[in-house]
């Protein structure tokens, strides 16, 4: 059977601040600019979760999108939506919440954890309508 | 000459219903949920057709987008736009019209059939603004 | 207190067919073209529901968007999503489901029916990304 | 000369939290739900600023969009972008930063303050791609 | 019958340059900045044409969108698409092609000229994804 | 450290005309259609620039998007924005400005020229909302 990639886009809104606690405020401002503002800022993130597999001969699905959505909500969205990425998310603890680190963190929450063993192929994470990161797990 | 991918996005609106005629209504509802509603539902589909090839030294084109559009309209869009994917489309006959099966069906209509032998590289088919499938022909 | 308009966008996917049962197929095709295809077609509709009122001094809300969403889901979306607008929707019974008639039908479901007596100001209904209707209740 | 409305869309990213300091955490959670999460959350806001006036016979402009952009950046965006709406913005001090209150606050920063006395006609403020408020100053 | 507004979005790509032939290059650069670049620049314009009227009891249409599209194509789009707004468009002759002047020019081509006497209610013209003008004919 | 792709979207507006100076007007019209209109036309281009690399252990960045933006502005956008691609851009001199040739030209301006030796992975160039090209440097 043909192998198809299936993507579901999900949404969350979160606060964060870039910086390292072991650096001075001046150094954080120099490296991270406005993103290091001490009282946080935030974004509407869009997350595209792509799984890949053979089309099931019986259902015509690679993977039921409703189950995919529920899995991503349970393992990612519920943890980050309307939360603070620096303070509230156990699996980002101690990690500077750049978009790069966040997409790698989300990968860790999903890869190997999706129902039925479906294979996670790619994550795309939009931080604003003008910048996004893409991770293939490598 | 460099090899470039060129994409044209096309649009169609169609009705469909997911399910298998050899299953009971109850089983179809259990597996396909609202998508198995007996009186059909429908979508505005967006189809991104990507071809790949060397840039022609004379024209600067990989492939004339107008010819690409006409080919996709003639072999795909005219068959599905304002149609019922379960009832009206000969090349989907007997196939459960999931987005996965539909993108594979469209591939079969286009691969090897484009003018000038241009190579189909990828299809992306959006069913809603929040989910899409991608097929590379493999 | 200032008077502000607050809008929530909702989504549904439905099948329909334009035409009048008292007209011949030929006349329906002549007037409604492809939209009269006998086996239905469908769309992803976007519905923008706007309410207007004074900002509440205590909460800073005109109206809680969560309650607005729930009201529109209960009175409109649940009836039309993944349904057939000609066959499945009691409050469109016997009405040709043009976008114009549909937006007027939705208005009838919401005006005067929103919690707390909040005033419906405007509905915008997108049938495709390139056409929409707007109704102010007049 | 004809009277035309001219709109410039601007973008900012900010953190906020809904709630009243004189209410208990329980009451804030009951009224504002996830939006009252104690450690903040945030959004990518889009702000559409519309001015209205007669087309200038000499330039063909109602108002130079570059000057409009600079005025909105100087009086609004620089104050809110990558900031915390509860803590960092003097003109929102003591105001619960709902989208309604924020659009009224922005109006206060712009109305009567635009160069050349151009008339502010409307503000539209998107908090997410699915909800926005509109204010005409009334 | 209820009165509804119906909008069709159309697209065109054109070149232009802002400036007055009776001004020096220096003055044009000072007033119009990069938009006065001598060798032209261009845009993908989006044009939203809104008509308003009572819903026809027989068809459920305010106005057939296909006829609206054809009328706008014939009277506007064919004249401006892939053209130079300063040099190629008779009804913009001698007019500085600002977005304001262009929307007024398009109004003149459509108002009172639509089939069946349908009433033009509003034009919205996007020059880029971040700025647009709106004209109600007043 | 994981390898992530980071993308920044930039915008420019330019005029162009397709055609070869060594061909007759008739032949240019036959091959390039409306795109060969003698007085130019133009587009709002969107350019997605993707770099790829390991996430820096210290900053959590693959590459600072602000530096990426500045580099692309300095080497590409400043040369093409509000310019004529046939007449004003030294690195497109003598090249027919098809989207294919333009993306290859932009690649030549960026590959090996980004600060810190970051690796350019992909360029996507949208000419209209319905067509784009993609180049991986091969």
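Here the chain labels run A, B, C, D, E and F in written order, and each chain numbers its own residues starting at 1.
Here, a contact is a pair of C-beta atoms (placed from the backbone, for glycine too) under 8 Å apart; a residue touches a chain by one contact, two chains touch by 3 or more.
Just so you know, these numbers come straight off a predicted model, no measurement behind them.
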Completion exercise
Moving step by step through touching chains, the smallest count that connects chain A to chain E is 2
Problem - Interchain contact steps from chain D to chain F (minimum; 1 if touching) - result: 2
Exercise for the section: Would you indicate which option in A-D, C-D or E-F repeats the interface seen between C-E, with over half of the contact pairs matching by residue number? Expected result: C-D
Handout entry: Distance between chain centroids, defined by C-alpha means - chain B, chain D (Å)
Key = 41
Exercise for the section: Between chain A and chain B, tell me the centre distance in angstrom, where each centre is the average of that chain's C-alpha atoms. Expected result: 28
Fill in the blank from the handout: Note: chain F residues in touch with at least two other chains are 129
Problem - Which chain pairs touch, all of them - result: A-B, A-D, A-F, B-C, B-F, C-D, C-E, D-E, E-F
Problem - Residue ranges of chain F touching chain E (in the complex, touch as defined) - result: 11, 13-16, 34-35, 37, 39-44, 81-84, 87-88, 128-129
Practice task
Please give the residue numbers of chain A that touch chain B in the complex, ascending.
Solution key: 2-10, 50, 55, 58-62, 64-66
Handout entry: Residues of chain D touching chain C in the complex
Key = 18, 20, 31-33, 95-101, 103-104, 107, 129-135, 137-138
